[in-house]
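First chain A sits with chain B, and in the next complex the same chain sits with chain C.
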Partner chain A sequence: MPDPTTPILTADGTPLKAKLAQTTRQLKWKAFLLTLPLVLFVVITFVLPIGQMLYRSVHNPAGSNVVPQFAEFIQEWDGQGLPDDKYVESFVKDLAVARKNREIGKTVGNLATRVNYEMPGSRSLITSTARKAAKITEGPYLDALIKINKKWENPAIWLTLQRVSKDYTLAFYLAATDMKYDETGKIVQADDLYQIYIPILLKTLWLSAVITVLCFILAYPVSYLLSTLPLRTSNLLMILVLLPFWTSLLVRTTAWIAMLQTEGIINDALVFLGAIDDDGRIQMIYNQTGTIISMVHILLPFMILPLFSVMKTIPPSYMRAAKSMGASTFYSFRRVYFPQTIPGIAAGTLLVFILAIGYYITPALVGGNDGLLISNLIADHIKKTLNWSLGAALGTILLVVVMVFYWIYNKLVGVDNLKFG
Partner chain B sequence: MSNTTGAAVRFEKVQKSYDGEVMVVKDLNLDIAPGEFLTMLGPSGSGKSTCLMMLAGFEPATNGEIYLNDKAINSVPPNKRGIGMVFQNYALFPHMSVAENLAFPLKVRGISSKDIDEKVKHTLDLVELGAFGNRRPAQLSGGQQQRVAVARALVFEPELILMDEPLGALDKQLREQMQYEIKHIHERLGVTVVYVTHDQTEALTMSDRVAVFEDGIIQQLSPPDELYESPQNSFVAQFIGENNKLSGKVTTLDGNVCDVLLDDGTHVKSEAVNVSAVGDRTTISLRPERVEVDPQSPMDNNLKGKISEILYLGDHLRIVMEVAGNKEFIAKIRNRGETRPFAKDQVVTVSWAASDCKALDPVS
Partner chain C sequence: MKLKLLISSMALSLGMGFAGSASAAGGEITVVSWGGAYTKSQVEAYHKPWIAKTGNKIKSEDYNGGIAEIKAMVEAGNVSWDIVDVELSDAIRACDEGLLETIDHSKLPPAKDGTPATEDFIEGTLYDCAVANIVWSTIFAYDKSKMPEGPKTMADFFDTKKFPGKRGLRKGAKVNLEFALMADGVAAKDVYSVMETEEGIDRAFKKLDTIKDDVVWWEAGAQPPQLLADGEVAMTTAYNGRIFNAVAGEDKPFEIVWDGQVWDLDLWVIPKGTKNKELAMDFLGFSTGTEPLAAQASWISYGPARKSSAPLVGNYATNEKIDMAPQMPTNPENLTNAVQNNFEFWADNADQLNERFNAWLAK
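Right, the complex of A and B next:
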C-alpha cells in the first residue's frame, strides 16, 4: 500500500496529478473550442435577450430620462399631502426642457405613457401641462399647475410621479399579476373588471394540461402499435406521424379552420348526414375547442416520439415472461409494461405541456377570444400596445411558472429518468 | 389414446407456419417424460424455438395438439399453463428488485405475503443469491442475472420449465459453470425441463435426451452419447462434434456391415446405418479421434494420407491431411508424451475400425 500522504510520482519525477492535468488540459481546450461557436450563438441569441427581457420588466427609466433633475429631487419628498413648491418648480422646469427633446425614449410622451400605465386617464394631463410649462416662470408653481389642470390638486398624481421617477419598479409585475398601487401608494388587488392576466395564466395552465392529457391518451396506443409492428410497416406509419413536421405550422392550423368552421367540412358532413340541423351547426373554432383540437393535433408527435423510442427498447419478452408466470394480460401491462414506459411518458408530457404553455400562433389563429393563451397577450403587449415592460414581466412570470413545473416534475419523476430518444 | 401416456409433455402431429407458405415445424411428434431434461438442439431457423413458443403458449400451433400432463392445452392461454420459463435475455423486470421479480408470480397467485417472503428467500438461497434480494437486476453480473431468471422460473414450483437459450449471453467460462448449476438444480428438484439451444456442448452435457432439429423435423432423438456415437444421418453427424466425410458408393451390403467404394477407388469397410441398397450413394462419417495414424498393426481400414498441416493444441495434436480425395481429413492424436515425428508433406497410414465409421445418407 502506498502512503496516501505522499503524492504518486511519474517516472520523470513530476507528481502524477499535475502530469495528468497537463495531458488532459489540451483535450479540454479542444473540446471547449469545438463548442465555442454554439456557446456564442446561444449567448448572443438566447441568454442576452432573455437577460434583457428580465431587466426590462423591472427597469423603466421614463422618469429619469424625461425629467432627470425632478426625478432625483422628488425622492426626498415624504409623500405626505401635496409636495413643496421646490419639487414642483424642478418638475415644471424639467418638463419645459423635455418638451423640446425629440430623442426616442426621452420625450414627454414617454413619461405620459408611463404615468398613464399606473394612473389610467392621466396621459393628457402630462402632455397638455408640458405644452404650457415653458410659460410658467415664477412660483408658486403648484398653484400655476392647478390653474392649468385641476388634477394637480390630487396628491395621488404626485405619488405616482415619485414612483415612476425611480428607474427600478415592480409596477409591471403588479400589473401582470392583476394588482396595482392605490391612491395612497399601497399595493392592492385590481378591480374585478381589470382581473385579466391571472385568469388567462390559469386558463393557459388548464388548457395545456387538457391538451397534454389528450395527447397522452391518443399517443400511447399509437406508440405501442408502432413499437410492435414489423419494421417496414412501422417505418411507414412513422412517416405519417412525422408528416406534419414537414408542413408549415400555419398551413396545418388553417387546415383546421377549413375543417372546423361553421361552414366547414365537419359541419357540412354532419348536416348532410342529418345529425344536426342547418341552423344547429356546431361552433368548433374561434373558441377553446378550436384551440384544444388543433393544438392536440400539432403537439401529438412530440408525445408519440419519446413514447415510441422508449417502447421500442422494451422487448416483448417482458410481457411474455409476466404471462408465463401466470399474470393476465392486463396485470402484466399494468405491473410490467406500463412502469417501464414512465420515462417516455414523463418526457412526452413535459415536452407537450411546456410547448403548450408558450404556444402562440395556433391559439391566435383559431382561439377567437375565448381560446387565447398567455403568450397571445404577451405578443399583444410587445407588438400592439408597445408596453414592453409589461410584456417582459408577463414573459418572466411564464418562464418562472415553467421552471416551477420543471422543478415539481423533477421531484416527481426525476429528470435523469426522462428519455427523449 | 393420448389420455394415458403419462408423458409430461406430448406433441402430437404439430405443424406450424407463420406465413401460410413455409412450414416451420413439420409434423412434430414428441413425448417428454416427467422429470426429463430434454434439449431441443438445432441451428437457427430449424424450428426449435417455435416449438418452445408453442409449448409456452405464445404461438398457436397451426395444426396438431400439444398435451400437458395428458390435457390438451392448445386453447389454454400462456398465463393459465403454469409453465416456468427462462428467456434468452432473462427478461428480468428492470424496475423491480430481485426479490420483487421473484415475488411476481407468487403475487399473481394471491399467495400471502408471509409465504411469499419465505419462498423468495428459499429460492434465492437455492441459486446462492440470498444476499442479493434488494438489488436491481442491472446491478448484477450476467451470471447472477441468469441465476435470478432461473430462480424466478422455479419459485412458483411449476412442474415444467422451459429454457430458451438461457446461456447465450454469457461468456464461455461462465456458460460452462452455469451448465452444471442448472443440471444440479434439475437433479435436485426433479422438474421436467425443456431446453432450447444451438450449442451442442450444452446439449451433450446437460440433457437426458437431445432432439436435433433441422428443417422443422426432429432428425434424431437420443441420449447424448448415442447421438454422438451413432448419428442416424449425415446432418446429425456433422452438427454434433467434428466429423470426417468420405463419399462413395455401396458395393456390398450385409446386415449392418457394408463395403463402400470411395470416389478415388479405395474400398472402406463401414457400419451401414442409413443406406438401403447396393449401388446407393453414401457419405461415410468418421470421428477424428477414432483415426489412428501409423498404427502398430493394421486395422479394418488402412489408407494413405498426406499431411498438410499439424496443429499443436496441448492435449492433442490435430493433423490435417489428404485422404482418399478429402483434403480436409482430420485426425486427433492424443498427447501421451511420446515424440511424434510427423512433418508436413509426410505420407502416413491412417487406419480405423469398421465400426467407427458410419455409412449415412449422401451429402454433396
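Right, the complex of A and C next:
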C-alpha cells in the first residue's frame, strides 16, 4: 500500500502534480500564443482607440499647454472676487510668450477655444488680449487688462481660466448631459433652449426600440416561412433576404430616397391612383418616418438570420404532437413553438437594437431635422465644430448606455441563451 | 552581376537627374475649393494660366467649408491639401490654432503700376495666414417665371402669407440669424449689436419660428439653384455667384434680391506642414494677382479683393452681353441695405449658437 504522504512520481522522478501543472501551463501558453494575433488586433484597433476616446473626454490640457506657469500658479487662488495682481501678472506674461508660439495645441487660439466652450463669447477676448499682452510691462496688471477689455472685470472669466488650467475636467461630460458651470462655478442645468443631448439620446433609444419591434414583427413570419417551406422555395426566399443584405448600405439608403421623396415613386403612384392630390404629397423622408422605414429595412436581415437559424432546428413534429393532443393551433404555437424561438428572438433584438443605437449614415442621409440620432451629433462634433472632447464624452456615454442595456438584457434573458445561428 | 549593378545605378542616377529637374516644373499641388460654378471660375482664371506658365499640375478637390479636414490632417502630420479656399471666420480660427502656414505679404505680386500688394488689397482682406481672393455674398433668390410680382425685401422672404411656398435656407445659425433680424425690422448696421444680446438672439429665433415648417435646409452651395429649378422651394437663400451662374450660364429665370445681403470673404490658406509649400505659395501669389482676380470675376459674380482688379472686370466670359459690374455684391446699388459678416462675432459664438440652432431644429 503506497504511503499517502509520499508524492506520486513520474518516470523521470519529478512529482506528478508538478509535472501536470507544467504541462497544463505549456498548453495554456500555446493556446495563448495562437490567440495572440487576435488579441493584438483587438488591442490595437479597439481597446486603444476606445481608451484614447475615454481619455480625451476628460483630459484637455489647453491651460497648461498654453499658459503653463499661470496654470500652475492660479490653482492657489481661492476663487473669491477678482484674483490678486500676482496671478494676473503671470497670466499676462505667459500670454505674451504664447502669442509667439505656433506649435499645434499650444497656441493662444487653443486656449481661446477651450475657454469659449465654457464661456461662450470669450474667444476674441483671449485672442485680442494676447495681441496686446506684450505691451503690458508693469502693474497693476489687472487694471491694464480691464483697459483692454471690460470683460476682465468679470470674476467668472477668472474662475473659468482657473478651471481650464486643470488638465483633467468634467466639463465635457457636463456639456454632454446638458449641464454647465454657472457664473459662480456651480454645476447647473443648461437653459431649456440649449437642451439637446439628453433629448436626442432619449429619442435615439426610443427610435431604436421602435425599429427593433418593427423588425421583429416583420421578421418573425418571414423566418417561419423560410424554415418551413420546401428547400427550393425557401432558397429563393433566402436569396431575396440576402440580396439587399449584400448590397451597399448607401445604395439601399439612396434607393429609399428615390422611393419616398415628395417627387418619388410612392407619391407619384398615389397621385396617379388618385389617393392624394398633387399638392397633398406626403412627406415620408427627411424626417423620423424616413429614418424608421429605411433603418427597419436595412436592419431586417439581422433579425431574420438568427430567428431562421433557431427555427430551422425546431422539428415540425413538436407542433404536430401538441395538436394531436388537442391543443389549438394558437395554443400549441404559444406554448410549444414560440418558447423554443426565444434564443433567436433574443439574439435578433439585441443585434438590431445595439446596431440601431449607433447608426449614423442612414439617419444622416434621410433623417432631415427630426430624424437625427445621437451618433449624428457625435459626428458633428468630430467633423464640424471640432470639439473632439465633447464628441468623445458623448461617445463614452453612448458606450456606457449600450453596456447598461446589455447588462439588463443579460439579467432578463441570459446571454448564454443567445443563438446567432 | 557587377554590370547589372552598374546599369541599375546609372539608371537610378539618370532617373534622379530627371526628378531633380522635374521639381522646378512638373510638381503637383492639390487645390481645394467649394466645387461647382465657383471652382470652375477658379480653374479658368487661376489654374489654367498657372499650369501654362509654370508647367506644374493641379489636382482640384471639392469640400463644403469648415476646418475639420485641415485640423485632422495637420494634427496627424499627413497633409494632402496644399491650398484651401476658406471663409474668413474659419481662416482666423485655424490661424489662431496654429493650423496654417503664415504668409509673407511682401511676396505677393504688386499691382501693374507698382503699388505694393499690401496697399492694393482692399482693407481687411490680408491676414497673417490668409489672403482674400473674392468678396461673395449670401442673398436670396426666386423664380421670376413663377412669381412675376416677386419679393423685394428680406421681410418678404419671411412672409409666407404674401408669398406662399417653401423656403430654402442654409443649415446652420450663421447668416440665418442676421436675415431673420433684418426681416424683423433691424437695420443692417445694427444687426450685430442686436445679436450681442440674448434678447436679440431670441428675437431672431422667434422670427425663424414663423417659417420653420416651410423650410428646406441646404448644405452645399450647388443645392439652392437646383432646389429653385426643381420647384422644391419658392425662394431660397444662396451664394450670389451660384444664382448668377444659373441665370447667365443656364438661362434660368431666377432673380436675386440684394436687400439684406450678408457679404463675406473667401481666402486662400496653406495648411501647416504641406510638402508643397513653395509651389502652393507660388500659386497663391499668382492667383491673387491683379489679372487672375479680374479674370475670375468674368466667370462668376464675385468681386475681386484687389483694387487694381476692379477696372479690369468686363463682361461675362461666355456671353459678351452681360456686364459683370452690376452683378457684384460690392456694386453700390446692391449695398444699400447690406451687412458684412462679422467674423469675430461668429468666432466667439458659433459653437453656442449652432448648439441652440440644432436644439431648435430637433424640436
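Keep in mind that, in the parts below, the second predicted complex is superposed on the first by the 402 of 421 C-alpha atoms of A that agree within 3 Å, B and C clash if a C-alpha of one lies under 4 Å from a C-alpha of the other, contacts with A are read in each partner's own complex, and residues count from 1 in each chain.
Heads up, the rule we're going with is that a contact is a pair of C-beta atoms (placed from the backbone, for glycine too) under 8 Å apart; a residue touches a chain by one contact, two chains touch by 3 or more.
If you're wondering where the values come from, they're calculated on a predicted model, not measured in any experiment.
After alignment on the shared chain A, the placement of chain B and chain C results in a side-by-side fit free of clashes.
Legend: residue contacts after superposition of the two complexes on their common chain; A:Ala209 is shown touching neither chain B nor chain C.
In the overlay built on the shared chain, the residue A:Thr113 is in contact with chain C alone; chain B does not reach it.
By the touch criterion stated above, A:Ala96 is placed in contact with neither chain B nor chain C. Between chain B and chain C, it is C that contacts the larger number of residues in chain A. Of the two partner chains placed by superposition, only chain C is touched by A:Ser124; chain B is not.
Once chain A of one complex is fitted onto chain A of the other, the partner contacts of A:Pro315 are limited to chain B, with no touch recorded for chain C.
By the document's definition of touching, of the two partners only chain B reaches A:Gly326; chain C does not. On the chain A superposition, the C-alpha centres give an angle at chain A of 130° between chain B and chain C, rounded to a multiple of 10.
When the two complexes are laid on top of each other via chain A, the two nearest Cα atoms from chain B and chain C are 46 angstrom apart. Considering their complex, residues 315, 317-318, 320-329, 331-332, 335-336, 339-340 of chain A touch chain B. Residues of chain C touching chain A in their complex: 66-68, 71, 74-75, 93, 95-99, 102, 205, 217, 230, 232, 272, 344, 347-352, 354-356, 358-362. Of all the residues in chain B, the ones that touch chain A in their complex are 56-58, 77-85, 87-89, 91, 93-95, 104-105, 108-109, 152-153, 156, 162.
The part of chain A that touches chain C in the complex is made up of residues 101-110, 112-113, 116-117, 120-124, 127, 193-196, 199-200, 203, 262-263, 368-370, 372, 377, 380, 382-387.
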